[in-house]
Each structure stands twice: as structure tokens, then as C-alpha cells.
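Given below, in the form of C-alpha cells, are the structures.
In what comes next, chain A is part of two complexes: it sits with chain B in the first one and with chain C in the second one.
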Partner chain A sequence: MVGVVSVAVNLLMALGMAGGAGLWIDRTGRPSRTRRVIAVVVGVALGALTWWGITSVDKLETTATGVVVSILASGLIFIAANKLFDLAPDRWAVFTTLVGAAGSFAVFAMLWGNRGIDDPALRTVVATAIGGVAGYLLGTVERSGQRLAIGIGAGGVLGALAASGMRNVGLKFTVEQREFVVWPILPYIDYGVLAGAILVGAVLGLLLWQARGRRNPLARSLLLGGTIGFFFGGWLLPSLGSATKTDAFVAAVGVGVGIGAYLGLKPIPDHSARGRIEVSARAYIFLVPALGFIASTLIIPTLRTLFLSFHDARGQEYVGFVNYGDVFGSPNIFNVDGWAGIFGSKLFWVGAVLLLIGVGVSVLMGRQSGYRISFSPGSGGLAALGALLALFAVFAALRGTVFNNLWWVVTVTVISTTAGLAIAVLADRSKGESVAKSLIFMPMAISFVGAGVIWRFMYLARDVSKPQTGVINTFWVGLGNLSLSRGPGFWIAALLSLALAALLVRLAIRAWRVGERGVGAGAAVCALPLVWFAYALWRGVGGFEVRDNGDVVASTIQFAQQAPFNNVWLMLVLIWIQTGFTMVIFSAAIKAVPSDLIEAARVDGASEAQAFWRVIIPQIAPTIGVVITTLIVLVMKVFDIVKVMTNGNFGTQVIANEMWQRAFTELNFGLGSALAVVLFIAVLPILYVNIRRMQKAAS
Partner chain B sequence: MTTLSTTGGPGLGKRTYAFLRSIPTWVLWMLVLLWTIPSLGLLVNSFRTRNAQRASGWWAVVVENPSETLTLDNYVDILAAGAQGGLWRALLNSLAIALPATVIPIAFAAFAAYAFAWIDFKGREWLFIATVSLLAIPAQMSLIPLLQLYSGGGHLTLPILEKTVTLFPDLDLAGRHVSVWLTHTGFALPFAIFLLHNYISGLPKDIFESAVIDGADHFKIFWRLVIPLSVPVLAAFAIFQFLWTYNDYLIAVTMLGGAGQNFPATARIAALAGEFGQAEHLLTAGAFLSTLLPIIVFFALQRFFVTGILAGSVKG
Partner chain C sequence: MKVKLVRLLALMAALALVAGACGGESDTPSTPETVVVTSIVTETETVTEVVTETVTEVVTETVEVEMVNPLAGTTVTVFGPESSDAEAGSHQAALDIFAAQNDMTIQYTGERSFSDLINAQAAGGNPPDIAVFPQPGKIADFAREGWLLPIPDDVIATMEANIGAAWNAFGNVDGVQYAIPTKADLKSLVWYRPADFAANGYEVPGTWADLKALTLQMIDDGNVPWCVGIESGGATGWAFTDWVEDLTLRYEGADFYDEWVAHTIPFNTPEMNAIWTEILELWNTPGAVYAEGGTIASTFFGDNGRPLVEGDCMMHRQASFFSAFFPDGTGFGPDGVDVFYFPSVSGDRPVLGAGTLVAAFRDAPEVWAVMEYYASPEYADNRQRFQNLSKGGGAVLSGFLSPNLNADLGLYQPLEQSFLDILFTAEVVRFDGSDLMPAAVGAGTFWSEATSAVNGDKTVDEATQAIEASWP
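This part shows the complex of A and B:
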């Protein structure tokens, strides 16, 4: 481990110097000695500082310092690499010198860092010098014979330099009770295998040469393939640590000569070729930091999670599909035993009837207007509401983590999208639009944890003997009292709602007579709940219960505890947060609909409702798609809210929280990984949709 | 746009129409009120004493004697040192996590986005799509391996040689803020590259061409032209990422594990919420303090935030 760190440090030192030099050369056309000295001094000082930061302070501080320094140093490496390739088009010799020096340095520093050679500092300095000189010569000498000689000579010398100092002892050292063994490095070569590897390499080189249209000289392709074969045969295939120095010399010098000869065979590129080298190198320099990060935090861990999901809790033994069996075999996670309860639930039948009515009306309206089916806000809304209620009944019956997650996805996605769209429409061009939108959008700035706490106080239920302090239970218990009291409050509330309903019915009749059917239907629909409310008040509604002995006592809703609908109360928190998001996006999309389109529809006699359903909705359909996919992915991963509000108790468990508990409190990495994979598979279709959309956008 | 007729047709009378037309606005403001009540209640309650919070709902503040029930004690108590250091420490931790986790990805992503947008290299298109498609991968897929990496280093056992190679040293990062930054950086990059690429690839081509004629190379173009021109999108991403990382709970609580003294505000509040009973009256003040900074940032820089949201509405 120390080895790796010291390699990093040494690389930084060298590249710091190279970067300093490069910076200076780039800035001015005319080199000045002072600048050169300053650049080198700065480079060395930075390198020394890095070294000091890593080694001198004790371990705890080393980590912090190391990270800060490594961030600075990565920045420096990055700039240095850029500056280095700036030199390629116009200062080819300087470029090749620096590349030669840095390349040899890197190889020797790696050996140094892994404690593979004796006298590492001296050898590294000498190697860097040789590499630099060779780079300079290859950057300036043009005659091919001389180039080949320079390449072979330098490669051979470097190989010999490495081989002569190689150790044959494995070093053991311990860091925090963990034992590390550095490999003994001398290879025991089987010459038959070596020859075979070279041959395979050369054949691959030949095939590649053929495949690339025979553009390059054959000799170079063969040499490159052969050298790579030599490297495999000399270093990777033999067993390390059980050989003589002769074998090490063969393996090191062979590879060195091969690389040297390959470089020597290449002519000095002309100006445009140098430009191409610069551009393609630049692309990779720009991309490597980001892609490296993505690979190490997303791609490799994803593969490892897949791997772990087929292993036991500690990740040691291969267990096949046992973890997946545990996931879908556990009644807490996947449980369809209650399916028969679906048909016994009132909610289901109410939902089904609403859905049928909605669809039926839509079909009838479609007959009139010549479509197969035509959803108006009324009939479509009715159908959607019915479907949602029926699904609620289904999810209330099918228990377990997986179904909870699906319930979350359906509810939050549908309600947030609808509510966001409705608010965007309401807010459009109304008074105080921006203030209203800001206030509804604001929960987006609040953390899920914060939102969980906020709603906990909304849902607070206290002992019925004390006054309620949660908003919703106060209303609920208050409603119960009002309904039971039959006092003045009761009569006022009941009569008020009936009067309002009568007013609405009158308006509906008038509107219907003058042909404003939309207004009429709307008013009539609004009157219904008011009548229902008056009726319910009379029947008795709200937070109370009648005991067996006839006593009537107040009763609160335990929002977090009463399964299965406590799930819905948790979903409400996410809906509260996400509706702002959907509203902002829909609002922007609606404003982007060209106004002449709407005008044209109006001129053709479309009502507002028709303009909305037939012009605006189709125009913003792609946005609706984006919002829905985004929400599905987000809701699928819901974690914080459940963790804070119930921690998965009372039948509210979701996959993300289940995964977290299995993996990080029970330390069952196998089961945790399997749950993560289930989550991953669930979002894969969305991933596919997103990729398709991006491909479309790109073309 | 309302679904009701606004044309003032015959028969219904002007007053009725005016009434009907004002309905959407009324409904809107009713919804706004509903949306605001939860936060408002929390804010009011955070200034009330423990006894007042337990005796009546926050709305009672309008009839109560302010000198008896209003107090700043909740704030004082929650900020002061507790077993893990007060909320002060947690708020500083939040900043110590969110600031680097915002700056580092910007630096990396800007270069990559520029390369994807303006440098012509082989395989550019598919590499870009592959990168950006990683947006939707759930963080859960990476958590276990990353925690193992931070707490034990990365080791690979070569299949034939039976030798273990250390790819990433054990730097003992688990429990430290660094591990949270690194994780956030990795998760943010696909989104950041996507967002910045959208903007940078839309910059006018002429400026690049004239810069090349003037002899500028890619590095120079990037620093002198692209970065200054991209300030709006950089700001949008920065605000989005800042809020995201400041409000994050999952990654912080996973990577910091038992190191309670390093917990950010979200993790501290969640822990506080888990201890039922005694400290509940402090929870209001704590929750409000932990959302104060995001809300300020949000209201002050809402324009940029909306831009980020709109452009990045595919982030998972």
C-alpha cells in the first residue's frame, strides 16, 4: 500500500516538474532562463511538498492531507498533460524528450513503488535521463537506420538497468493487522511458452494489420504484436520469484528492445500527423478523469454488486440464486396470499365501477365525435380515479416490500404528474403566478429527511384525552365532535354545504340551458361532494368511535401505524415534494406551446377544454414522458422518507430500505446486493427508454 | 389557460362569469395554502416552548400570550453541544460535504462535456450515450462495493496466479467526509456531463472556428472561451448539485456509518427523529435549521435552479 502511494507521489513530482517546464515553454515564444529556473524550482517544490504531506504526518492526518494534495496534484497532472500535448505540433523534439523521460520514469517508479529493485532512486534518475535523451534523439534524427539503432540501444539499456537491480525476495509488511506481500519479481521463463506467446502476438499483429487495410508497414505491426507477446510470455505467464537474473535480463531487455525498435521504425510524423496526435490525445486527457471516476464509482461497483448477489453474506462462497430465492421466498418481501381480499374490498368495486363508467362515457363521446374513444377531463378523470382506487385495493391486499414499491410508483407518479399539470394550468396567466409557483415549488429545496419530520408533525396523533396538536388529527377529531354534537355548529355546516350545493345546481341548470354544457357538468359534479358531506355529517363522520357499552369516545388516525393505508400517507410526503417539480416542468412546457396553434384552434371553434386536450396535451406529450420516467426512477428508489417516518415498520417496507437494513445493519452483503439488483432490474426499462430518447435527440 | 370558458357568452350574466373566471385563481391559492401549511406549522412550532408544543397545535400561537409560549430555547439547545457535538457541527459537516461534492464534479464534467461536444474522436457518440445512460442506475447498486473499497481498499486476486494485487490502497476513508465526496462525485458525473454537454454543444460554431484560426488549441479554447460562456449552466448545475448533496441522506449515512461526529444535518436530524419522546420539541428547530440554507439558496437563485431542473429532468 505504501508502495502505491509512493509511486503516486513520485509520479506527481515528475509530472509537476514537466508541467512547470511545459507551462513556461508554452506561455512565451522566446524561452528565458529565469522562467525556466523558476518553473523547475516550483515543480520540485510542489513535488517535495507532496512527499512531505504524505510521509511526515501521522496516519489520521495523512488521509486528509493526502486527499487535498491528491486533488491539487491531479489538477496539476491534468494541466501538465495538456501542456505536454500542446507542444506536439510545433515543438516535436521537446515533446518527445518529455514523453521519453516521463515514460521511463513511470516504469521505474512503478518498480520502485512495489519495492522491486535495488537502489531505486539512482536507477530511476538514470532511467529518466536515458529516456529523455532517447526521446530527444528520436524526435530529431531522421535517418531510419540511425533511428532504429537509437531505439534498440535505449530500450536495451533501460531493460538491462531494470533487470540488473531486480530483487528476488518477497517483502512482507503489515498495515492495521492486514498483511501485505510484495511479489518476488524475477520471472522463471519457460522458453517454449515465450516463443509461443511471441508467435501469437505476431500473428495478432498481422491480423490487425490486415484488418486495418495494410496501411502501416508490416514489420512494425509484427514487431508490436511480438513485443506484446514477449511481455506476456516473459512476465505474466511464468511464475514470478523463482528464477535467475538471466531470465530477468531476457524478459526485460527483450521487451525494452522491442519497444525501442518499434519506436525507432516510426518516422518522425509530419506537421498534420502531429496535429492529429495532439487532438486525439486531448480528447482522452479531457475524458479520462471523468470516465475514470464513473468507472470506479458506478460501473465496477455495479458489476461487483452483481457478483456479490450470487455469494454468501460475507461475499466468500458462491451460492447461486439463493439470495434471490430468499428475496422472493420471504413473505415480508413478496406475498400474494391476500389476493382473494381484493374482491372483498369495497374500494375495489367502487374503483371498478368508476373506471367502467369513465370508459363507457368516453366511448359514447367518441362515437359522437368520430374517434374510437374520446377522453374528456370528466370521463378520463373518472376512469383514472377508478383505476387508481382499484389499484389501491389490489396493493392493500397484496402485501410485501415489492408490492409496496409498486404502490409507491403508481401513486406518486400518477398523482404528482396530474397535480403538477393541473397546478401549472391553474397558475398559467393567473394573478401572482410566480409567487404561487415558488411556494409550491419550495418543498423541492427541503431534504426528504426534513420533509419527513415536517409531515410527522402534520400526522401527529396524541392520546384522545388530550387536545390534538397535529393539523390533520385536529380536523378529524373536530369533525367528529361537530358531527356528533348536533349543536349550532353542526346545523350551520350542514345547511351551508346544502345551500352551496343548491347554488351550484341552479348554475348548472342555467348553464346547461344556454348551451354551456362544460360549465354545467362541472358545477353539477362539484355539487355532489357537498351533498355527500352534509349526508355524512348527519350519519356521523370524523374521529370518534362507539364503544361496546355505548360510550362515544374521540379517536385519532394513527397515520404511520395503521396498515395498509399508512403507505399512502407516506406517499403523500413525496407527492408534496415532487409536485413542485412536475409543475415547474409542465409550466415551462405549456408556455413553450406556440400561441398561434391555440389561436388557430379557437378560430376553428374549439372550446378551452378542447384546445387543452387536443392541442396543448399533444404538444407537451414528450415532456409528460420525461416527467413520468424521471418520477418512476426516483420513486422506485424511495428511501429517506420511509426510513425517517416508520423505518419500514407497520408494513411500509420498501426495497431500498430493505436493502439498506440487510446490507448495513445485518451486514448480509449477499442479500443486500440481490435486493439492489432487483431495484436495478426494475429501472432497466427506464434506462432503455432514456437511451432511445437520447439517440433520437442526437440524430 | 383555464378549462372554463372565458369568452363571456350569452345568458349567464357578467357577474356569474366573473365569478366563474375567478374560480381557478381561488383554487390555486387554496392549493398554495395547503402546500405551505406543513412548513409554516413547523416554523411556528420551532419558536414555541416544549410545554406549549405539547399542550396545543401551532395555530394556537395567535391566541396565546407570546411572552409565555414563544422562546428561542429550542434553537439554543439544538445548536449547543450534545453527545455528538451540537447541530452546529452537523451543519458544518453538511457544508464540508456539499461544497467539495459540488466543485469536484463540475471540474471533471466540464472537460468531458467539452471533449464530447467539440473534439472529434473515434467512438464519440456511443461513448457519450453510454456515459449519460448511467444516469438512472440506482445508487444502491454501488453502495456495498464502495463502502468495502473505502474501508478495506480494492484488491484483485488474479485467477491463475493466485496473487492478490492492490488496485486501491486502504486509506481508511469510511467514516470520513472524503468518502462521501468521492461517491457523490461519481454519481453526479453522468448528469453533469449531460447537462453541460447540452449547453456547450449549443454554443455557436463560429467562435470556435475563429479561435482556431487565431491559433488557439483546445485547452486555450476551453479556458478562455467555453468556461466564461458556460457560466449560466455551470451555476445551474452547481445549485442543483449543492441542494442534492446538502439534502442527501442515503450516501452520507452509508459511508459515514457509525462516525456520528461526522454526520451532516440530515443524518443528525434523522437520528434525532429516531429517538422518540424527550427531544421531540427540539426536532422542529433542528429540521428548520437544516432546511434554512437550502431554502435561502433556492429562493435567491431559483432562476438557475429551474434551468438545471428543466435541463436535467432525466436525472434518476
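This part shows the complex of A and C:
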């Protein structure tokens, strides 16, 4: 039965919308025949679609039609609202009638939709009529006493109408033979709080009146503030659900009378004021849907999360900062016990030495060129690498969810940005640029979950008695076999790497003679690992292990399981995805650097490196900032990759996944919300910087 | 003027009906509930097709009784975690038979995320009429919240006539019966291949010491004794908790086990740490474990079936439902894959079990009638019949075991009968401890800390201490 009624209502709704919009689209006057036909067709189509969606039991169909109907309805509401305000300047009474009717209808329809009132259809029709009449009267009657009476009367009647239908018991209703219970919505008013809220509202109204230069009558400002205070005190502050009918009447009639009196106190605006109303209304038509959406999906949930984070697991008892204490008191989330291990780790000292060398060389180079410090790609890269390695050692020693997240942020942001920038610079104006860039950009098209699954296969290991099927372990174990075999494959690999090394050394010597010292040094450095590889192959490298009894067995790397560096293997997945993004952005920025700037630098004798560091980098600095902040925010929220690959086991937990597990598996909404708030606060400064930058750029 | 009026009316209608959209659309309840509603409808349809024949048969039998059934026209909703076609389908089919007999409607909805959804439904005031709980711990939570209804005496009488006291106790909270056991899993089992044992001259071990000795002998003979894997996505680690529970029952006895589960004994007592150490020492003995995924922690628990069949390992300890994880065409019994009882330490035969129980949220005659049906051998037999059919019929393991003592054993395969025999004759039956513990431990730290310990990231001491600290 309910189904039939809702189908009928929706059909009518669709027809009415389409008809109304079709007629009103024509600004000039008489709607043409074509428009009428279009309107009817649209209406019938919408109605049929709605019918299909409601009667369908298929989730997909229901959702799809719901989406289509909502989009069309929103569009038509938008058009209708614009048309409505077209009326304001010239046909004021019509305008106020419609606004009154539509406003009352909207309030009652919302109560209807949320099952707030009994007998909703009748009440809604009556309320719409009362609202329309009151609007008409307020748009035509000019005497102030009468206006006030009309406003108070209509507001009071509408409030009483709503309150009389409100339910004070849990409402049961049945859909598809399934019974549902809805909570009651009546408020339980604390009259002290109500009075306080009204007072606060009135004071705010007074301050606003003062601030706006006392242009409006004082009574109106006080009334407006008091009414808003009444609304808060009557509906938002009291606990809904344990109610009395009297309270409902007080809360509803009070607000209704307040709004009515406020409107009644306003005189009918003259033509120029109406014009202003029309103009300013446009802004609201655009803003209100967006603001409403932001409020309902972002601001209210944020406040609710904040509220929950100070309450117990069920969100009932206030517990103060206990949840935050738990976040930073749990060794799985925040563990600094291993800090001494930082100074015992080889990695840290290697990193520190590299950093020192890099900075030292840069300072020396700076002396030559007259700057305090001057990074070349070599020395800057060395310093960055050193810093990164030292940080790895720090994060490998400080364990827990929070440090894992910081590790992610540092590693992914630094490597993705550097690699993206390097590729963008190297590929710039070179042959095959577009092909290379397309290949590197491609992983961007893969979802995080998909990438996680792909890399699980890359990192897969099997029992060492079986052939490996994971890509990297296959190579690793294969390399071990090659190294041990001393067969033809071994010799080919060893000689090949030595030959390549020899070629590189030859290139280095030549370049050195010609004076291309940079190329020479680079080639020599590249030759080193090849020589080392040949040597390692001889000594034995790859996935094998010699047992005590002399047996040689295969040995695999458990990329996702071996803490703490499994974190880095997981980060590699995100780097793989994100480098394409940074590369594309940087590439565009570099191409936007005016070429005459670079040419001028060259004419002045700048080297290739100097042109890069002193001209290109400052030119694309804002882009680098945007990329880094975007990446940081993205990496802070990392969830999918960890969820898919380890689910936070093996010391790879991150805040987002920890939050999910606490809140939804263990149903500890307090702790889960506290984690969410921690994440939110951590992201805030970066967002702030980003917004400030955008504002600066705009001004 | 006329045109104006038309436009005005049209606009009013448009606005009115647009606003009405809010009201009209919310006639169907908010999203999660809609999902429930629609899936109920679809599932009933598909299942009815499957069972039409049997149902009509039963109907013709009962029509002859010619009496006005007080349940006629009523509807009962059931919500549970069994969501695979075989399980949900046969569950619904078994319910449909009762529904057809009484001219009523019973709708079963299965969702894998049952545990999360039932929380929201119960707390939000719109639970199903009956829920199928896999975790007695949750039944206790719900009963203490006042959400579940105590079972009336006549239904309890039926239950006690059919189901053993040990199983019924899982549905008893603070002395009040809230739930009826409907499905049983036997966890204290070791899967093996008798042919492999015979070829190597191994005997099925009778005690835990024998089992350890057998393990060492197998290693000496160059065989790999165990297949172990504890990876299970979001539930990684549960397979280890089963070992812990089984050995706790064996070493420390049922009373200690009950106190440990109820947390009157701390989680990290020396006894528990010793049991963890015992298991990890066995697993970490060189050559003792074949891990398909490279390490125990990275091997999916279901990936242990194929290696056992192919001879990569000799034994695998896992519950009765593991029959579904062997490769297609695997034979069961003395000629294929068989099981032996996970041996005890001191000669008693404690059994670790698991299963589902039904509890009611609505006080109505039709709800209690369905609850009573759940306690009857008819439900057990119908369910087994359909589930066997859904797996292909004949000599297959259905994956379903009933705790009902009066169920028709002829419907089960010999191997399944031996499972039931162990379940019914065991003096000490205990429910899977992690299912009894609060979710933060039983579905949280117990799993994750066990994984850390198995993977060698934490010592036993650190892991059990972390679990103790997380107990709410």
C-alpha cells in the first residue's frame, strides 16, 4: 500500500516538475507548443523512470534511477528557484505568496519525510495553503499593526499544526512486510537552557545591529536573534526523544511566532529593495545547495567525530582525554622505546656521513660561486639521500602506527617528488618524451586496491621447496641459482657485466680528456656497481642459503612480512602510482618556464646545472609546493594499500587502517574517532599552508 | 492574467512536488535497511525455485489436516552470517518447509559482514526477528543490553529434548537461556592421509607427546610433518588462536579455560605463555612446517589442502569445515583424506567446538514457533539434506553438522558421522575462546598479536602482554 502511494506521489511529482519547468523555461510569455510537448515527455519519462526504480527489486536499478531522478529534480528545482526570484521586482505579491507556500511546504515535507508528523499529507497541504495566504497578505497589506498580527498568527498556527502532529512514541511502520521502528523527535526542553539560548541569540542580534550601523529597527534584530536562539534552545540543545507534547508546542509555536513576527515587522520593500533581493538571491541559489551539502557531509560529521572522541566506546559516557591517552599510550600506536637503536644502526651513520659530505661539498661549491651554499645535482642528491637514509634508520627504530604514517609521508613525498621532477627534466624535449611519460603515468589509472593486489603478486613468495611464482622472488632465487651454478649462464652474466664496466670506464677516460668532467665522473661511478656485481656473482649473490650441514637451499625475501623495512616495500607501491602524477605536473610547469629566461642565463655564462637550480627551480617553486602539499595530504590518509597487502600486520599499521579497525571491527567508536581527529589535526597545517599559497597566488 | 495564473500554479505544483520528493522517497527506509529488504526479496525468489518440488510434496501431506493454523499469514525475518549459496540457500530452504507447513513466510538474509550490521540494527532499534550468531560472546553482550528475549519454557523443553546440555550452555547468559544452537563445527581435528601414514609406518598418535615424537620422527625421515598457514585477510591469526585454545583445554583443563575466556585469569599468565611457546617451538622446529606462502604468517589458511593431498606435508590441524578447502575430487575416508582427534595431554578427550546459535528479538507466537523449529530434528535434517544436495548430493561432505542429538545420522557421510560422534560423546566441549571474548580481543588483538608472535616480530611475552593490556 505504501508502495502504491509513493509511486503515485512520485509520478505526480515528476509530471509537475517537468510541466512547471517546461512552461517556465520560456521567459517571454506564452509557452510554445514544442515546449509543452517537451515538458510532457520529460514528465512522463521521469515518472516512468521513478516507477521503474521503485518497483524494481534490483539494487542497481533502484540506485541508478534514484541518481537520475535526483539529478533531474535538482536541476529543475534550481531552474524553478531562479524563476521564482525573477518575480521579486515586479510581482511582489505573487512572489511572497509562492515563497510562503513553498517555505511552509518544505518544512512540512521534511517533517513528513523524516516521519516527524502524523497524517502528513493533510497537514502538508493545509500548511502550504496557510503559508501561501500568509505570504500573499504580507505582500499586500501595508499597515504595520495588521502585518504584525498576520505574521504572528500565521507563524503560530503553522507551529501548532506541526506540533499537534508530532509523535511522542517510537513509530512502527512496515515496508515489504518488514517492520521498522523510528525514534521519536519530540524535544524535552530545559527551560533554563531555552531562556539562556534566547538571551544569547538576542545579544548576538544586538551586537549585529550595532555592527551594521543601527540601520535596521532594533526590535527586528532582537527578534531575529531571539528566534534563532529559541530554535537552538528548543530543538538542538535538548535531548530529543523523551518528550512531552507541551514541550513540542512551546518549541514549535515559539519558533513559528518568532519568524512570523520578524517578517511582519518588515515593511513591504520598495522597488529598488526588491531589485536588491532579486540580485542577492542569485548568490544564495548557488551557494545554499553547496553549503548544505558541505554542512551535512563534512562539518556535522567532523563535529560528531570530535564529540565521539571524548566519549566511551559506545559514544555514551564522557571520558575526557582517555581515548587520546590510549592513542599515545599504546605501544602498537606510539612506541619510542627503540630510540637508542638509532645510533646503533649502520644505516643511520651511512646516511649521516652522506648528508655531511653532500652539505660540505655544496658549501665549498658555494664559496666558488659566491653563495653561502650551492647545491649541484650531485651534492644536493647526496645530501638528500643521506637525510633520507638517516630518517629510515630513525623510523626503523621508532615503531608504531603514528611513526609508520610519518615514514610514509616522508618517503613517498620525497621520492615521488624527486623522481617526478628528475623524469620531467630529463625527458624534456628529448626523443620519445611522450612515450616515456605515458608509460610512467600509466599506474595513475590503477586504483590503490588494484595496485595493492598487483604488488602482492610481485612480492609473493612460496615455500622454498617449490618454484617461486612471485616476480621479484623468481628473479632473486634465479640469481642465486645462477651465481651458484658456475655454468655457461654464470660466465655470460659475469663477463657481460665486466665488459659493460670496461666500456663505461673507457667512456669516462675519454670524457675526462675532453674536459667533460661531469660525464666522466658519472660513467666511472656507474661502472662501479657492475664490477661489484661481477664480484658478488663470484662470491655468491641472490636467494639461497647454506645450511649448517652444507646443504644449499633456496631463500626468499618476505617483502611484506619482514619488519620494519616491509613498510618501504609497501611505500614503493604508492611511489609507483604517484610518480606519474608529479611528473606530469612538473613537466607542464617546466614547459611553462619562459625560454628567454634560460637563454639569458646561458648568455651570462650559467652552466646547465646552474640554469636548472637558479632559474628553473625558482620558476616552478609554487608548483613544487602544491605537489608536495597534495602528496602529503594524500599519503597521510593512506589506507587501501596497507589494508590489501598486510591489513596492518607485521608492523605496517597506519592511522587510517588503525582507525577503521578500532571503530568498525571492535566497535570502539571513541578510540576510532580519536585516531580520526589526530589524523585530521595532522593534516590541518598542511591544508592551511596550501590555502594560504592559493590565496597569495590569487592576489 | 490567465497565463500568469497557469504559470503560478505550475510553479507551485513543481515546488510542492519537489519538496514532496523528500517525503515520497523516504517512504522506503534509509539505505542499509533498503539493502536488507531487497536482498530478502531476491533470496526468497531464488531459493523457492530450488526447493519447489520438496515443498509441494510436504504441503500436500499437511493440507489433509484441515485446521486453521494460528501462524497463517505471519512473517518472520531471520538474519545471519551464512551467505554462501550452499549455506544461505539450504538455510532458507529448510525454513521454507516449515513456512509452507504453516502457511507463513520466513525470510532468511545472509551477510558476510553480519557482525557489524547486527550491531547497527540492534542499537538502532530495528533488529530482525531472529538472528543467527556465530559468537556466543555477542549473545552475552546483546542479552545484557536487554536486546534479546529470554526463550519461553516450552521452547526450552523442545531444545533440551533434542540438544545436549553442553551445547545449550553456550546460549545461556547469567542463568537465562537466550539462544538455541543450530550448527556445530568440530575444531579438534588433524587431517591426514592414511595411505601416507601406512607407507611410512606411522601410527595415529594417541597423546600430545606421541604427536610431538611423531613430528620429530617425520623430520628425521625426511618428511615434512605439518602444513600451517594463518593468513586470512582481515582475520589473519585466527588459526593460531585455535591451536592455543585446543592446547589450553588439554594442558590446563576446562575450568582454567573458562576462567581464561572470562578474563578472571589474566591473558598473560605463565601457563598461557608456556602454551604459546610450546606451539611456536613446534612450528619453528627446522623442517617441521611446509608453508605454501613462504612463511606461516603469509600462507592463506585455505591453501593447506592441496599440499596435504600432494604429499608436501603429512598433517594439518583444522576444523571440520576444512573439507571444503581440499581440491575438487579429493576422496574422504581411509582411502583419501581422513582425520584423527587432536590428541590430549592427559588422556581426557576435551573437544574444541564452534557453531551458530539463534536468538530472538521479537516476542510473537510465530517467532517462537520458528525458534522451536530450529531446536527440532526436522530443521537439522532438512538443512543437511539441502546442503548436501547443494554440494552435488551423494557422498560429499556438506560442511554442515547439527548439534541436534535426534538428527538422522543416515543423512551424513561416515566421516561426518565420526565428527558428530566426537562432538556428542565428548565429556568436555568448549566453544572457540576467541568467539567468546570481547570483540576488541577475540576479533582484534588476539589475532594481530598472535600474527606478530608467529612472524617473530614480538616475543610471546610481549604479545600476550599487549593482548592483556587491550582487554576492555
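Side notes on the structure shown:
FYI, the second predicted complex is superposed on the first by the 448 of 699 C-alpha atoms of A that agree within 3 Å, B and C clash if a C-alpha of one lies under 4 Å from a C-alpha of the other, contacts with A are read in each partner's own complex, and residues count from 1 in each chain.
Criterion: a residue touches a chain if its C-beta (ideal position, glycine included) is under 8 Å from a C-beta of that chain, and two chains touch if they have at least 3 such contacts.
Every value quoted in this text rests on a predicted model; they were computed, and no experiment measured them.
With both structures placed on the common chain, the touch criterion links A:Val584 to chain B but leaves chain C unconnected. In the overlay built on the shared chain, the residue A:Gly648 is in contact with chain C alone; chain B does not reach it.
Contacts of A:Ser144 after superposition on the shared chain: neither chain B nor chain C is touched. In the superposed pair of complexes, A:Val677 makes contact with chain B only, with no contact to chain C.
In the superposed model, A:Thr246 makes contact with neither chain B nor chain C. Taking chain A as the reference, the larger set of touched residues comes from B, when chain B and chain C are compared.
Once chain A of one complex is fitted onto chain A of the other, the partner contacts of A:Gln210 are absent, as it touches neither chain B nor chain C.
In the superposition on chain A, A:Phe664 makes contact with both chain B and chain C. In the superposition on chain A, contact of A:Gln316 is made with neither chain B nor chain C. The interface of chain A with chain B overlaps its interface with chain C at residues 5, 59, 66, 83, 175-176, 178, 180, 183, 647, 664. Chain A contributes residues 2-3, 5-6, 9-10, 12-17, 19-21, 23-24, 29-30, 54, 57-59, 62, 66, 69, 73, 76-77, 80, 83-84, 94, 97-98, 101-102, 105-106, 109-110, 112-115, 120, 124, 128, 132, 170, 175-181, 183, 313, 330-332, 460-466, 473, 556, 558, 560-561, 563, 647-651, 661, 664-668 to its touches with chain C in the complex. On the side of chain C, the complex with chain A involves touching residues 3-4, 6-8, 10-29, 33-42, 75, 77, 105, 107, 116, 119, 125-126, 233-234, 236-237, 290-295, 297-298, 307, 312, 439-440, 443-444, 448, 451-452, 455, 457, 466, 469, 472. Partner chain A is touched in their complex by these residues of chain B: 1-6, 9-12, 16, 20, 24-25, 27-29, 31-32, 35-39, 41-42, 45, 53-59, 104, 107-109, 111-112, 114-116, 119-122, 124-125, 127-129, 131-149, 152-153, 161, 163, 166, 168-173, 176, 178, 182-183, 185-187, 189-190, 193, 217-219, 222, 243, 246-250, 254, 257, 266-267, 269-270, 273-274, 283-284, 286-287, 290-291, 294-295, 297-299, 302, 306, 309-310, 313-316.
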